[in-house]
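The structure under discussion appears below in the form of structure tokens.
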Amino acid sequence: MLGFLIPKEYGFFDDFDKHAAACVEGGQIYVEMLEHFGDAPAKVRRLRDAEHRADEITHHTVEMLHKTFITPFDRDQIHQLISLMDDVIDLIDGSARRMMLYGVKEIPSELLELAKILQHSTLELQKAVKHLRDLKNSKIILAACIEINKLENDGDAIRDAAIAKLFKDEKDAVQVLIWKEIFEDVENAIDRCEDVANVIEGVVLENA
Amino acid sequence: MLGFLIPKEYGFFDDFDKHAAACVEGGQIYVEMLEHFGDAPAKVRRLRDAEHRADEITHHTVEMLHKTFITPFDRDQIHQLISLMDDVIDLIDGSARRMMLYGVKEIPSELLELAKILQHSTLELQKAVKHLRDLKNSKIILAACIEINKLENDGDAIRDAAIAKLFKDEKDAVQVLIWKEIFEDVENAIDRCEDVANVIEGVVLENA
Amino acid sequence: MLGFLIPKEYGFFDDFDKHAAACVEGGQIYVEMLEHFGDAPAKVRRLRDAEHRADEITHHTVEMLHKTFITPFDRDQIHQLISLMDDVIDLIDGSARRMMLYGVKEIPSELLELAKILQHSTLELQKAVKHLRDLKNSKIILAACIEINKLENDGDAIRDAAIAKLFKDEKDAVQVLIWKEIFEDVENAIDRCEDVANVIEGVVLENA
């Protein structure tokens, strides 16, 4: 009734868009790093920058939550959404740093495949987030969420096959452990994209 | 006041029951597979079927959420409940597939013990879900949730002892890794039953 | 308007305080155990006592939720808060028990560092929980939550470096596995403190 008196708070959507852009950038740098691994340290620094930027956006969102009387949807869901998106970029950044720490030299093709799935997931996530401003787009949003779920299934299959191959062929158990952890890092980032999609699905279902 | 005008939406409960039945079936096939491991590939196919069926139920529930104006309880809790139940059957299915991928030959007795705890958890979960239709049964529901929590503790202890034994006796580090992962798969499925129980407990506490 | 007629239910806050005290005690006993590892079995018993006490507080809270008409904040958040705090002490207790099971003899300095971060996190958590009674203290509460987030980042870095060192120096793959798991146990407990902080942040944002 009095809706016309209450200024709609679009700042949250701007933050979501900015954060999603950082996640997309993170996914892309990670793929580039794997494709040209000789140049990895420079890519790790760019990832770190993207991660810091994402952190600042997250803090800004949480501050806005604290100061804004009317939020575009449930406060707790806004909080979850930005926290889980922040996990995505944290996991990408962490995975790259760990590859440096563990002194990795060569990149198995399955890792690049997984990284491309992750990159694809971040792009779908960006699409879903972008359309949250207007829930008339709920079909587009839900389609992106379904795609993210599908990508997560694909990622699981690649990860399982890669680890089975590792168990079969790699004789050095410490190398098995290192690669198992790296594969799982990327899989976890893909899983977190799915968690974001689930929160978004919930928002759409409750508000559309 | 106008409650009598609003048709109660029981479709969600039907879906929960069907999904719980798929989880129970999954737990049972998994135990049978371990008891007669020579016949594992046939069991893996049956698990895959149960998992697909559960997936379809999950999608149906999410679609219903989208179309239903009055839900029997909080939309987000319905979404969580069906998603977590879906994780249970996914984890059982994934564990069986991974055992095939890793070329497992013999089944340690501790794995069968863990699998029976998982099966028991799915049965308690089915009981809790079934009584959600009528929160006058809150005592039965909460008792099932407490049992699921207890089973999760038992599972933890078995898993810890099994892995300690593995660390002590198995000389082949890759075998240690394989079995550690398989034990943890089953433990994760049991943990997820507990997550479902926690959501159910929340529903009861908020609505009873 | 009628607020003065409704008795505020402070029992929940008493339970939160008691549970936080058990977590702080758990963190402290764990550090002491690592500092004087010869005396570990006695410390493991004290941890077990603290864990049991925390369990009873958790059950009491859930029962109160069931019987209380007016709760100081969202029922689901109370449920999450106490469950996640219970995970913290469970993980500390589980880690200590596993060290016994695995026959650990010497404590690497990085584990003590991680344990001290965990102890610090439980102290910040206690502070945040204590001030929840009066959301006029939201600044103090949010500052504790930010500190817990910072500690979690520090913990990640120590854990990564410790595992990189392990991969490089430890020749016995089973020892690598054992220590990797123990480091990850402590890191998980620190992560869970952060999950508690996130719930608390949500409560403050919604109610302050």
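First chain written, first letter: the chains are A, B and C, and each begins at residue 1.
Just so it is clear, a residue touches a chain if its C-beta (ideal position, glycine included) is under 8 Å from a C-beta of that chain, and two chains touch if they have at least 3 such contacts.
Because the structure is a prediction, the values reported are computed rather than measured.
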Considered without subunit B, the complex falls into one piece
Residue numbers at the subunit A-subunit C contact, same meaning over half shared and different meaning under half, come out as different
Subunit A to subunit C, mean C-alpha position gap in Å, rounds to 26
Residue numbers in subunit B touching two or more further chains are 173, 177
Subunit B residues touching subunit A in their complex are 62, 65-66, 75-76, 79, 83, 94, 97-98, 101-103, 173-174, 177-178
As the complex stands, subunit C meets subunit A at residues 138, 142, 156, 160-161, 164, 167-168, 170, 173, 176-177, 180, 198, 201-202, 204-206, 208
